[in-house]
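Dropping the structures in below, format is structure tokens.
In what comes next, chain A is part of two complexes: it sits with chain B in the first one and with chain C in the second one.
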Partner chain A sequence: MATTTELEISPPVGDHRRRRPSRLRQKLGRFDVKASPYLYISPFFILFAITGLFPLLYTAYVSVSKWNLLTGRHGSAGFANYVAVLHQPFFWKALRNTVSIFLLSSVPQIILALVIAAVLHANLRARTFWRMGVLVPYVVAPVAVGLIFGQMFADQSGMVNALLTKIGMNPVAWHAQVLPAHLAIATMVNYRWLGYNTLVVLAAMQAIPNDVFEAAIIDGASRVRQFFSVTIPMIRPTLIFVIITSTIGGLQIFDEPTMFDQQNGALTAGGADGQFVTVTMYLYQLGWGSQNNLGRSAAVAWLLFLIILIISLVNYGLTQRIASEGGVSGRRGRRRKKVAA
Partner chain B sequence: MRTTRKIWAVAAGISGLAMIVTACSSTGGNTTSPTTGAPATTAASTEKITLKIQTFNEFGYADLFTQYMKDHPNITIVHDKAAKSDDARAAVKNSIATNTVTDDIVAADLDWMPELLKSSDFFADVSTADNKNRWPDWKTAQATDAKGKVIGLGTDSGPQGLCYRKDLFQKAGLPTDRAAVAELLGGTSATWDKYFSVGDQFMKANTGAAWFDSLGALAQVANNQQAEPFESKADDSITVAKADSPAKTVYTMLTAHTNQSAHLAQWTDDWTKAFASDKFATVMCPAWMTQIIAGNAPDQKNWDIADVLPGGSSNWGGSYLLVPAGGTHVDAAKALADWLTAPAQAAAVFVKYGNFPSQSDAVKDPSVTAKTDAYYNNAPTGQIFSNRFSAVGHQPYRGSHYFDINDQFGKALTRVDVDKTDTPDASWTKFLSAVSQLG
Partner chain C sequence: MSAPSVPVIRQSAGAGAARAAARRSGQKGAGANRRPRWLTYSILTVVLLVAVYPLYYSFLIASSTKEDVARHPIPSLIPGSHLWENMLKVVTSDIGFWAALRNSFVVSVVTAVSVVLFSTLAGYSFAKLRFRGRGPLLVFVIATTAIPTQLGVVPLFLVMKQLHLIGKLPAVILPALVTAFGVFWMTQYLEGALPYELIEAARVDGASMIRTFWSVALPAARPAATMLGLFTFVANWTNYFWPLVVLGAVPGKTTLPVALKMLQAHYYADYSQVMAGVFVSVLPLLVLFIVAGRQLVSGIMQGAVKG
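Let's turn to the complex of A and B:
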């Protein structure tokens, strides 16, 4: 007790000197712990606010104004721009094309990326060579891809049609018919992005600890079973990333369909009957073409933003469910076996 | 989201760049003080300045810049060449939209002029007593706003002749000599009817080739020959929906002759490759097209050119130099643009690069009319295009929606002729619906 009293008495003296700065320091320390992480990441968010958020909101403002690109704002338009755009059959055509090209490119792309990554993950000879090989198309400039595929898919003099005629099939009107045009464009997209997605998935696969596979092998799981019950659940976060980014990229497709139209420049491209005009192309043509209608263009931009948001959320929900079902059952199965052992 | 961000980032980037550039050029101008003691006028002409000029494709100005800088030691010319004309167009429009001046002189294609004329305040009046009568009226008219202000100095032009394949003509039993071909198609009074009736004759000979490349290529000529193809000059209203509109007349005439077409859309790979093979016998040929044909089919020695055009005459394309009024050195820029577009310089550019001039005196210049082209069997291309140029009497009225309607018109023909997805009537209905959606 005496000792405690002594101890109790003596510290306040020293404490008085020491605690004051230490309280400040403590406060600062607490502040440091709480706030500095936000400060460290703030440059990104400040930059985002300037280059992302502000334009986003400003676009919303433009979309409810009568706005000519060259002569500026001419008063408020309310939702007239949205109404006008939604009443244009061309917008719906562009949306149809966008979704169709997106599905034709993203779905096979991710499935193929998974398969190729699984193959590359196996023990291959000269595997760095194979792994770098899949990335080569990604390095090719989009314009070059457009030129090469433009020659291949030319209606009369193209290589693809020449091959089709050789094997006794009718040549396809790649630029005139809707689905063939979408297929040709999706081929360009897949050519460019397949390798990239494969490498991302492969990296995730390599991060899976080996003992999980060993356990699965001991349990007698076949290669296919391992792939579906171990690999896919384990790379779920990466899969979600790949799916969301390819959704965003796929719905904003612009370069490939623009270059696919060799007859018209970017301001009028998309096929004679809008066979392969996409929403971003439509947006660009409205605002920067001869109409200079930035108001309607901004309305299309916001509609596209909402569409991407909705589709991304749906995708997220789907991947979450599909992947986690496999994951839970896989993990549970393992645990049960371990306990039994 | 990224799209909007991208677009605004581009806008922000360009305006940011503009600010940096203007800052640079103004310091460049200010740091060098005029020679002390010299009179004000001399001071202005010896002040060291930098002029930025933006062009696209190939204007053929490299030698002229060197010469101008030699003659004016105080002036440095910075040439900013856009890779594609679309890029240059976007740059000009962005600088108007953000009201920032990036270049002291900008080049603009005839196609953009109606848009730029609506913002004519952004540009300086470049007309002087000296250059007022340098061009024929139709050329200057395309750069003159409603109040009579001239914002552009004409550079080149695209008078059209008819390029044809000698060997295919011979196969079909038609004359091959270029004077005889011009005569066959009606000479100075050549009509579309005559062109299509000779086309019938050619098709009946079964050479395996078609008479022309595509309806779209002909439409470019036929519409440019109308006074008011799509819109009424009186009130800028769109007239295409009327049953007897010029557009409908041209459309009916062209779609009646789809059987003479090679169904090859212009600028596609199929089209550029066709110049080397035997796909079609004639092609509408503005002066600049001669280089495109020669470039795409260097080994095809049978192309020739006749001094004739169905329907009379027509001009396709050509550019202007414009001076933004908000620039730092407007007067110096005007002087340079004026010098670059003077007849002597325009003739020199034609001789070296083949860009056909638009200046009345340059067109008659001996160095221009004496030019021949070995690729076209030494055809006197200078003289032929000079004749074709003199025959051009007018340019069509281009209203607010001209280019969108023209684009839709071309697509309507492509649907019938190249894609074969629609009948002429169905395609016309789609055309009218697309035009009605313009806003």
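Let's turn to the complex of A and C:
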């Protein structure tokens, strides 16, 4: 096969001395064409396999082993690590905190992103200026955000409490109490990611063809009605994307709550009584904190992986429903916003 | 021009309906050519102030003293005169500021260059070359963008231990050299931005595959590559968890976010100094934002439409 095609391609002149090197070059050329695609994708796949995929899968193995940070593996542990973790009240506290912070950050954030995107989706003057403006917090590291807001929400001599006292309300123990601490941490997450998600939603809104709106207007839809019955269903894929990514990121939250702990104590204690310890903080604490127990740490990682998977799927289902009954979810959304405000 | 115009409505549905349609199109908001009113701008101004104030707050605290902070929880909008002094304290403190800055810089630059190069290579291959297994492999890449690989932290730590890299900078760089998102992003971009004719022309001229990539695909990929580089830089500059795990809070050996945590732990009583540290650490990215913020904005918006 190969010879015939070569013969067809090469000139019919019977000059053997000239054909030999050209045949070699053709072979090389064909190898180049065949191998190059694989060669180009291989750096990604090799590096990803070593640093991404293998560790994730190997986590399952570590999680059923007795594995000490300093002394290494000491045989199989069966499911003892899982049992031990699931029997720790601290794990459940961490899980509760994580889910609570996640809800307090993602729900208001998506609603606000929709609102601000709708405002930005107008024929603005200095359009790029406003868009850049909402994105400023994105370049502030979560660690820095945590330090800034940690001070603003300080229990004593914090700015937020000073403002509350000024308008005649009682100061709040932002660090000591559970829900206020979650609210403060959620505020940090919202601060950093709201602008980013607003721009994502805005881009989706701009991709909606104009005649869809015109048709809605002809049908007599008000602006609010247009928003819920046209805009939201039309940007559904983007909403799903935003919700799934904020689920994956939000449930792994670590930076903000560790920085929120202003006391010079253990890095990942999450407050005096673990009022804002999160699952990833617990994971760190087990593996690299006091216990050096990598087996249990891996068990927590694997559990968190499953939790993220389940919540992502639930969110996916919910988003599907929200988009198909736009009006209903709109009402629900507005009520939720009131609660959050 | 698929929607009926007002005159068309007048003919088909009568004058009343036409007046209603005209009124409605006057009040419609989305995508209208009408300039928005002051209300829109006031909302946006509030949003902007909320976005900028926390940064300004850190600047205000950083420029005051710890006594000022205790006395005035709500800082005056005029900065104090101690910024330089506090910044000097931070950079000369025992957290190893300069080393942390240098480490962060090395990590962010190396990973940005590497992610861009490998993603463009793979993206070019996926978008423009034909090979067996292309479809399934691309699906695999897309699926892995949604996998929380950070959860592989325990074995990744063990890998680095095997390689004797604990406490060393390559341990932070190695896992960040490629991202599935980057490959997906460049594939999407090159699919639309690079015509097959260009590749064929280069091939006919006798360019090898890698030469074609270098002189045709890479230049075509430049806008998307710039954005990807920016995002990778920001992501690695702000990364905290993995450097903390693998480098630890060791002065001189770690990156800037971990150094900030040390600053907080050592000086939590003097918040003007902590905020000075925050301010100094944010400054490089703020400069980057002023220079390239436009690209970041359009990068996010392009990614949203395609993703």
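We adopt the following convention: the second predicted complex is superposed on the first by the 268 of 341 C-alpha atoms of A that agree within 3 Å, B and C clash if a C-alpha of one lies under 4 Å from a C-alpha of the other, contacts with A are read in each partner's own complex, and residues count from 1 in each chain.
Convention: a residue touches a chain if its C-beta (ideal position, glycine included) is under 8 Å from a C-beta of that chain, and two chains touch if they have at least 3 such contacts.
Keep in mind the model is a prediction, meaning the values are calculated, not measured.
J.: For the overlay on chain A, clash or fit between chain B and chain C?
T.: After superposition on chain A, chain B vs chain C: clash.
J.: Touch test for A:Y38: chain B only (first), chain C only (second), both, or neither?
T.: Touch partner of A:Y38: chain C, not chain B.
J.: Under the stated touch criterion, which partner chain does A:S290 make contact with: chain B (first), chain C (second), both, or neither?
T.: first
J.: Applying the touch criterion given at the start, work out whether A:D211 contacts chain B, chain C, both or neither, answering first, second, both or neither.
T.: In the superposition, A:D211 touches chain C alone.
J.: First (chain B), second (chain C), both or neither: which does A:G195 touch?
T.: second
J.: For A:D155, select first, second, both or neither according to whether it touches chain B, chain C, the two together, or no partner.
T.: first
J.: By the touch definition at the top of the document, which applies to A:A272: first (chain B), second (chain C), both, or neither?
T.: After superposing on A, A:A272 lies in contact with chain B but is clear of chain C.
J.: Which partner does A:Q252 reach: the first (chain B), the second (chain C), both, or neither?
T.: After superposition on chain A, A:Q252 lies in contact with both partners, chain B and chain C.
J.: Considering only the touch criterion stated at the top, classify A:L70 as touching first (chain B), second (chain C), both, or neither.
T.: After superposing on A, A:L70 lies in contact with chain B but is clear of chain C.
J.: Among the partners chain B and chain C, which is in contact with a greater number of residues of chain A?
T.: C
J.: What stretch of chain C clashes with chain B when the complexes are fitted on chain A: 27-35, 135-143 or 243-251?
T.: Of the candidate stretches of chain C, chain B runs into 243-251.
J.: Considering only the contact definition stated at the top, list the common interface residues of chain A for chain B and chain C.
T.: 51-52, 54-56, 58-59, 151, 154, 157-158, 248, 252, 262-264, 267, 280, 283, 287-288, 298, 301-302, 304-305, 308
J.: What residues on chain A touch chain B, complex-wise?
T.: 51-52, 54-56, 58-59, 69-72, 84, 88-90, 150-151, 154-158, 173, 175-177, 248, 252, 262-268, 271-273, 280, 283, 287-293, 296, 298, 301-302, 304-305, 308
J.: What part of chain B is in contact with chain A in the complex they form?
T.: 1-5, 7-9, 12, 85-86, 89-90, 93, 96-97, 114-115, 118-119, 216, 264-270, 273, 401-404, 407, 411-412, 414-415, 418-422, 430, 433-434, 437-439
J.: Which bits of chain C are touching chain A when the two form their complex?
T.: Residues 2-4, 9, 20-21, 24-25, 27-36, 40-41, 43-44, 47-48, 50-52, 54-55, 57-58, 61, 69-70, 73-75, 118-119, 121-122, 124-126, 129-131, 134, 137, 141, 144, 146-159, 174-175, 177-178, 180, 183, 208-210, 213, 234, 237-238, 240-241, 244-245, 249, 256-257, 260-261, 264-266, 268, 271, 274-275, 277-278, 281-282, 285-286, 288-289, 293-294, 296-297, 300-305, 307 of chain C touch chain A in their complex.
J.: With touch defined as at the start, can you tell me which chain A residues reach chain C in the complex?
T.: 29, 32-34, 36-38, 40-41, 43-45, 47-48, 50-59, 61-62, 116, 118-125, 128, 130-145, 147-149, 151-152, 154, 157-159, 161-163, 166, 191, 195-196, 199-208, 210-211, 213-215, 217-218, 220, 223, 226-227, 231, 238, 241, 244, 248, 252, 254-255, 258-259, 262-264, 267, 280, 283-284, 287-288, 294, 297-298, 301-302, 304-305, 308, 312
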